[in-house]
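Structures follow.
One chain, chain A, appears in both complexes that follow, with chain B as partner in the first and chain C in the second.
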Partner chain A sequence: MKKNVVGLLFCLLAWGCVAEEINAAAISTEQIQIEEISSEQKGLEIMQEVDKRDLGWGDMSTDMQMILKNKNGDEHVRNLRLKTLEMLDDGDKSLSIFDSPRDIKGTAFLSFTHALEADEQWLYLPALKRVKRISSSNKSGPFLGSEFAFEDLTSFELKKFKYNYLRDEVVDNVDCFVIETFPQYEHSGYTRNIVWIDKERYIPLKTDYYDRKNALLKTQTFNDYQQYLGQYWRAAKTLMANHLTGKSTTLLWENYTFRNGLTERNFDKNTLKRSR
Partner chain B sequence: MKNNTLSKRLGVFAVNHPWWVLLLSLIFVGISAAGIKGLEFTNNYRVFFGEDNPQLLAFDALQNTYSKSDNVMILVEPKNGDIFTRENLQAVVELTKDSWQLPYSSRVDSISNFQHTIAQGDDLIVADLISQPLAMTDEQLQYVKQVAVNEPLLKDRLISRTGHVTGVNVTMQLPGTNPMEAMEITVVVRQMVDAFKLKHPDLTLHLSGMVMMNNAFGEASVKDNSTLIPLMYGIVLLVLIFCLRSFTATMSVILLIIFSIITALGLAIYAGIKLTPTSAMAPTIILTMAVADSVHLLVTFLHNMRLGHEKKKAMQESLRINFQPIVLTSVTTAIGFLSLNFSDAPPFRDLGNIVALGVIIALLLSVTLLPALMTLLPVRVKLKDELDNSAMKKLAAFVIKRRKALLIGNTILALVLMSFIPRNEINDEFVKYFDESIEFRRATDFLNDNLSGIYNVEISIDTGSAGGISEPAYLAKIEQFKLWLLQQPEVVHVNSITDTFKRLNKNMHGDDERWYKLPEERELAAQYLLLYEMSLPYGLDLNDQINIDKSGIRVIASMENLSTRQMLDVERRLHNWMDVNFSEYTINAASPVLMFSHIGQRNIIRMLIGSLAALVLISLILIAAFRSVKLGLISLIPNLIPAGMAFGIWGLIDGQVGLGLSVVTGMTIGIVVDDTVHFISKYRRAKVEKGLSSEEAVRYAFSTVGVALWVTSLVLVSGFVVLSTSSFLMNSGMGLMTAITIAVALIMDFLFLPPILMTLDKKRG
Partner chain C sequence: MVLKAAYITWVKIWHDVVPVSRWQYLWLFFCLLPIQPLYAWELSGYVGIEDLAFYEQPVDSRQHMNYLSGVIEAELYHEWDNGNQVFAFVPFFRGAQYDSNRTHFDIRELTYVYAAEEWEFRFGIRKVFWGVTESVHLVDIINQRDMVENTDGEDKLGQPMINFAWIQDWGTLDFFLLPGFREMPFTGVEGRPRTQPAVSGDQARFDKNGFARQMAYAIRWSHSIGDWDIGLSNFYGTSRDPIFLVEQDSAGQVSIIPYYQNINQTGLDVQATIESWLLKLEMIVRVSESDTTFATVAGFEYTFFNIAETGLDIGLLAEYLYDSRGLIAPTAFQDDFFTGIRFALNDVQDTQILAGVIVDSNTYEQFYNIEASRRFFENFRLEVEARFFNGASPGDRTYSFRKDSHFRFELSYHF
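Now for the complex of A and B:
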């Protein structure tokens, strides 16, 4: 009997300790949660500002040169023209027309991007004289065999990510916010990205991409920003370096024009054949 | 004599100032051995290839143009013998998903994430072949099975024809910066596999692939070092106790050996050497080599003490008598090992350098630390308790009496054995580098039996013009090439982009089987490819098959397990075919198995030069040491023929000569010379100092060094026999061959050298 009582006492004592620990744990997670909420909130607010400042450009045309480079240092250049229509409640619509290499000259790629669902995509193949709808979950896949995935190139939509403000940092003498973004699209190729946002202009200067095993896969840098219409910043050069394979892709942008009067009719799969 | 004064002064110093010698030795050993903390172990198979190795350069160019192809192949074998059940397919889907989490993985290929294409009206549907297996109907299961076992890209590579085994292939991009990458991956892979087995007890998993091979190199080496080295120490301890019959002397020798090993390793690591499965054998070899010096020294020392000499005097006298032969044998041994620097494979160069260093350090410690220790430690001997060398006396009498018969008999024996040398053939099958006790070997044999094996050849065919791969004539040639490859009996599977082109053409024509053929227009082919490429998800792109400007493609032909001769035969046929049919394209064919196929021959040629250089150098040293051109030249015979005879014996018992065996001659020259040196130096001393006849000098040599030679050779032979039990063939073959060579050398030194001396060196000294 005595033994039992002693045992019971010990049990109670032990329980007391455990309970105390549980309480302490609860408090600390609560604190962490508060901090998380505030850094999540801050991250979201910064990205809302990024989004807000880039609203209202309407439509945009530009010429793009894509330079692929492999580990051997071999290079290959592709040229395309890009038209984009700003959509207010959805991902943007975009039309790319390939000018070179010559085998795919005249190929047109139409894409209605969406934040959380698969994009709708059509490809006009001049050799076949047919428009083909592409049905796949390819957002994570490479665009034109480059180091850019489709999801790296499509327009920025707030809904695409959850955010977490990490810290402030100076990159190349520019004060930046460093923000972690978590893709919300199910088939994304990334677990998270880290973006460096210029504090003054609210534009990205650098993005680190972390693959599905949360290892640093690629780094994108944005260079030679120019301002258009007195408001919108566009980079003239972006470089994507793949750390795993040693390959890289450079995109050079030229002849940006805005508000060219493009409408949804210019982004119609039925007229895709005629886009030149 | 200069040597004698040096050795005398050294001996006097060591025995009179033992504490100083001990202190200085400890400081030297301590500082050098501190290097060991920087020890790094490299287990990438690439370490076997020097930076200028042409096959390595070709392979690197290929890997940098397309993508690296290091992989882990996870083989799934269901107990029910059928992959295509809902549960088993669900397991494959999970395994595929989990495999993306493996370190350095860049791509995962399985039957479930195979990008299956079908036409639906004007749409091209590109999707995983298997995504929700638990919800599949029986018809869908049947459909998926038919697609998988008929798809040229999957059949025999990721799914067996009967569907009883499947593979999940994980491609890794090893950065090559951390030598432990393979081990790091293996730890995670095994954790994943263990967790997976708990969840799916009805599946058996096997792990193969190049990354697992790299890991096997490391594991084989760890296994060797944890079993062989203790065994070696045991043998050495036994031999020492038997022939020294003194506890303190034995312990001193063991201490000296340990010091030699850690000092040599430490210094090597300071010099930037990373350990590899081959160079990790250095401690075992140093252990064996370091025994000889101390044994010679201590046998004489204890002999002197047993005769009643005072301890210090006994040691000084032993140093005086043994100094020259010990220095000579150590230097020749070191030269032999240094000849490994001619090897094409860096790990053998490292091995040679570490052992040479160890041998020289053992020499230095034997003439300094050992005498000091003997002075400081209590040494007790029973007076007149002499090793029995009556056997040696009998042997001497026999050799002298039967010299003619022995001369002729041994000449014939040597010639007969050497005539079997051509029976050897060069073979470096890296799968068979590991015996069945190694998991990688069993998994790879399983892979070979059920799917295509681990041996492959990657062939890049470049048109030289951007977009050239879509040219119908080019694609037709590639298809022809693929069919030719598949006709070769050794080829099990061919991965070629032409199969994708044919499938897309079919898809583009409403899945009409009649259109399962190559597109007939260049633009069409290019645009099909574009459409397909634009549809592929993360990690499943075509960059591993097509180069960036689409001017060339990589075809991968997988083979069954082949010997080097068969592999080189395939390579020759391949190049003949390509020379005729691909004359307008730039061709590069390379792969790890081709690298290994060439390294044996490259290494043998370079090691022949190395051995020759060592032989010339050693002979010159012997001529100088014996102060006799005649004796120097005579010594060539017992130094050279053991290697020849050993290779003849090898031709009879095994006949497979690979990388490991190609260095044996260079390595053993330095060792077998030792016996000759000891024998001839005693013989010469008898003739010059005592003025004896050749017969009497032979008798003297037998009685003075006969036992010591027998004992040291016994240690060496048992040391290398222990090595020959390694589960790593490169080491076990080298060990056995070296043991044979040393044993033959001892026999020749006892039975052949004396008759030669008595015949050719008749003049009285």
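Now for the complex of A and C:
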């Protein structure tokens, strides 16, 4: 009987210890969760500020040159004209017109982006005068043979990602927040991206892209920012370097104009057919 | 006419500035063209050299094994008023060895467009495309097909028109007035591929003559609703696709004569774009004085994007083609299956391959079509097409073409 009581006591003691351990474990996960929530929260808040500071530009028109370079240094150039309409409760609408290579001159691409649902996309083929509705499932494929995937070039929408604040870091003498972003839309080619956000201007300076196997695939750097309308920062040059293939693509942006009075009518199939 | 209007505008402007004679006005006009801002006037286009190569002896000894030709298409384009007014002039010329029917000039476009917030006015010689499917284009009816340029029927002759588009939240309503009927051009006796005997285009017959033959009218409603792109159209006038009358004269000489009916054609084209699926449907009901016929094509295209992160897209296509006229239909595709595969490498050279076969579900005759293209040195493009006819027995639709399997190479320089 006594033995049993002692045995029971040991059991209880032992149970107590285990319970304490369990409690301690519970507390530490809770703490980690709190930290995670706060780093998620902090990441989101920083990106909300990025988003907020870039609201209200209305519409935008610009010329873009793409310079594709392979690892031997051979260059190929593409010229595009882009028009974008800011949509307040939805993703932006954009129209891209290709000027070169000359064999696809006049080809135009109309896109209605959405945060989480599939984008709506149409391609205009000038030789046939044909407008083709195309699938927008192609997020990870290359745009015009460049190192930019379709998903790298669509408009930034807050809801497209989940965020996680990692640390502060100085990049080229600029204080930055380092934030991990996780794509929430379907068909992304990335597990996550890491973005360096300038603490003062709330604009990205660098992005690392991690492929589906979570290996570092590409690095994008944003250079020569200029401010428009006293508020909106736009890079005049961005470089996308592919670490696996050694190829790179440079985008050069010129002739930014804002608030040109564009309406949704400038982003419909009738306008697409008129584009050259 | 548009050029003339532009000239008159310039004359008016310059009349106030400098007192000069009529001829000097014209001289001034051409001198001033290049002074306009560079973005305003644009010249682009391509020149190309083509080879059609056959590897079987022709059915008709007047035909040849190899055909060379050269082509040029230019576009003079001008937009002003923030792109709300557009002028375009697109002349086209192909000079061909042997077949004089294939040496042809056409004005593909000579057009003026005015775009307002809720409507567009489009005037002049233009090209219009309607439809969604790949193997045939049933609904597409505004322009005549340029069948001497390429037998795939993707090339079209310019059509004079007045087109008013009314653009509303519920879609776009297009009204077309189409003066000037253009007959289908046919390969001549020396040309290949062709029917045996060659179509006697110069003996063409018509339901109507004069004004009734020349005028056509069309209306089309089109809209995008979520995943769906829908078009509903009606055309009244002389059919662009003739039916063919086979006649034998007293000497036993057979001739094939195109016969253009006066028709009322109602067409529907629908595409649903869901994830990587494109689901496609086209159908037409065609009413002529002699009969009412129905034709449809329905199918899908499914694409595997960016396979193994190489950038390669592979698309699988399948379509079923039906025409209620059955064996008397002017098309070879009256109860046929089309299957195809599309490769897009999405590389710097934009390499693309589309390979397909259409099989007749009754006679099992087959038509294979492979198209590949690739860019070279920034401004050159090489297209290779292979077309094979197989399995046709005497009396079958493609029997005329049994020896006409061929390759087509075109190298073009784009400026």
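Just so we're on the same page, the second predicted complex is superposed on the first by the 254 of 276 C-alpha atoms of A that agree within 3 Å, B and C clash if a C-alpha of one lies under 4 Å from a C-alpha of the other, contacts with A are read in each partner's own complex, and residues count from 1 in each chain.
Here is the rule we go by: a residue touches a chain if its C-beta (ideal position, glycine included) is under 8 Å from a C-beta of that chain, and two chains touch if they have at least 3 such contacts.
These numbers were taken from a predicted model, which means no experiment stands behind them.
Per the definitions stated earlier, placing chain B and chain C onto a shared chain A by superposition produces a clash between them. Of the two partner chains, chain C is the only one that A:Arg265 touches; chain B does not reach it. Touch criterion met: A:Arg130 reaches chain B and chain C at once.
Once the two complexes are laid over each other on the shared chain, residue contacts for A:Ile194 go to neither chain B nor chain C. With both structures placed on the common chain, the touch criterion links A:Arg274 to chain C but leaves chain B unconnected. Contacts of A:Ser140 after superposition on the shared chain: both chain B and chain C are touched. When the two structures are aligned on the shared chain, A:Thr245 is found in touch with chain B, with no touch to chain C. By the touch criterion defined above, A:Thr107 reaches chain B but does not reach chain C.
Of the two partner chains, chain B is the only one that A:Asn72 touches; chain C does not reach it. Shared interface residues of chain A (contacting chain B in one complex, chain C in the other): 68, 70, 76, 101-104, 128, 130-131, 133-138, 140-142, 144-145, 187, 189, 212. The part of chain C that touches chain A in the complex is made up of residues 42, 44, 46, 77, 79, 82-83, 86, 88, 113, 115, 117-118, 120, 127-129, 132, 154, 165, 167, 172, 222, 224, 227, 229, 271, 273, 275-278, 303, 305-306, 309, 311, 313, 346-350, 375, 378-381, 412, 414-415. Against chain C, in their complex, chain A makes its touches with residues 68, 70, 76-77, 100-106, 118, 120, 128-131, 133-138, 140-142, 144-145, 187, 189, 211-212, 260, 263, 265, 268-271, 274, 276. By the touch criterion given at the top, residues 68-72, 74-76, 101-104, 107, 109, 121, 123, 125-128, 130-145, 149, 187, 189, 212-213, 215, 244-247 of chain A touch chain B in their complex. Chain contact summary for the complex, chain B toward chain A: residues 61, 63-65, 67-68, 100-106, 120, 122-127, 173, 466-467, 470, 508, 521-524, 526-528, 530-531, 533-543, 546-550.
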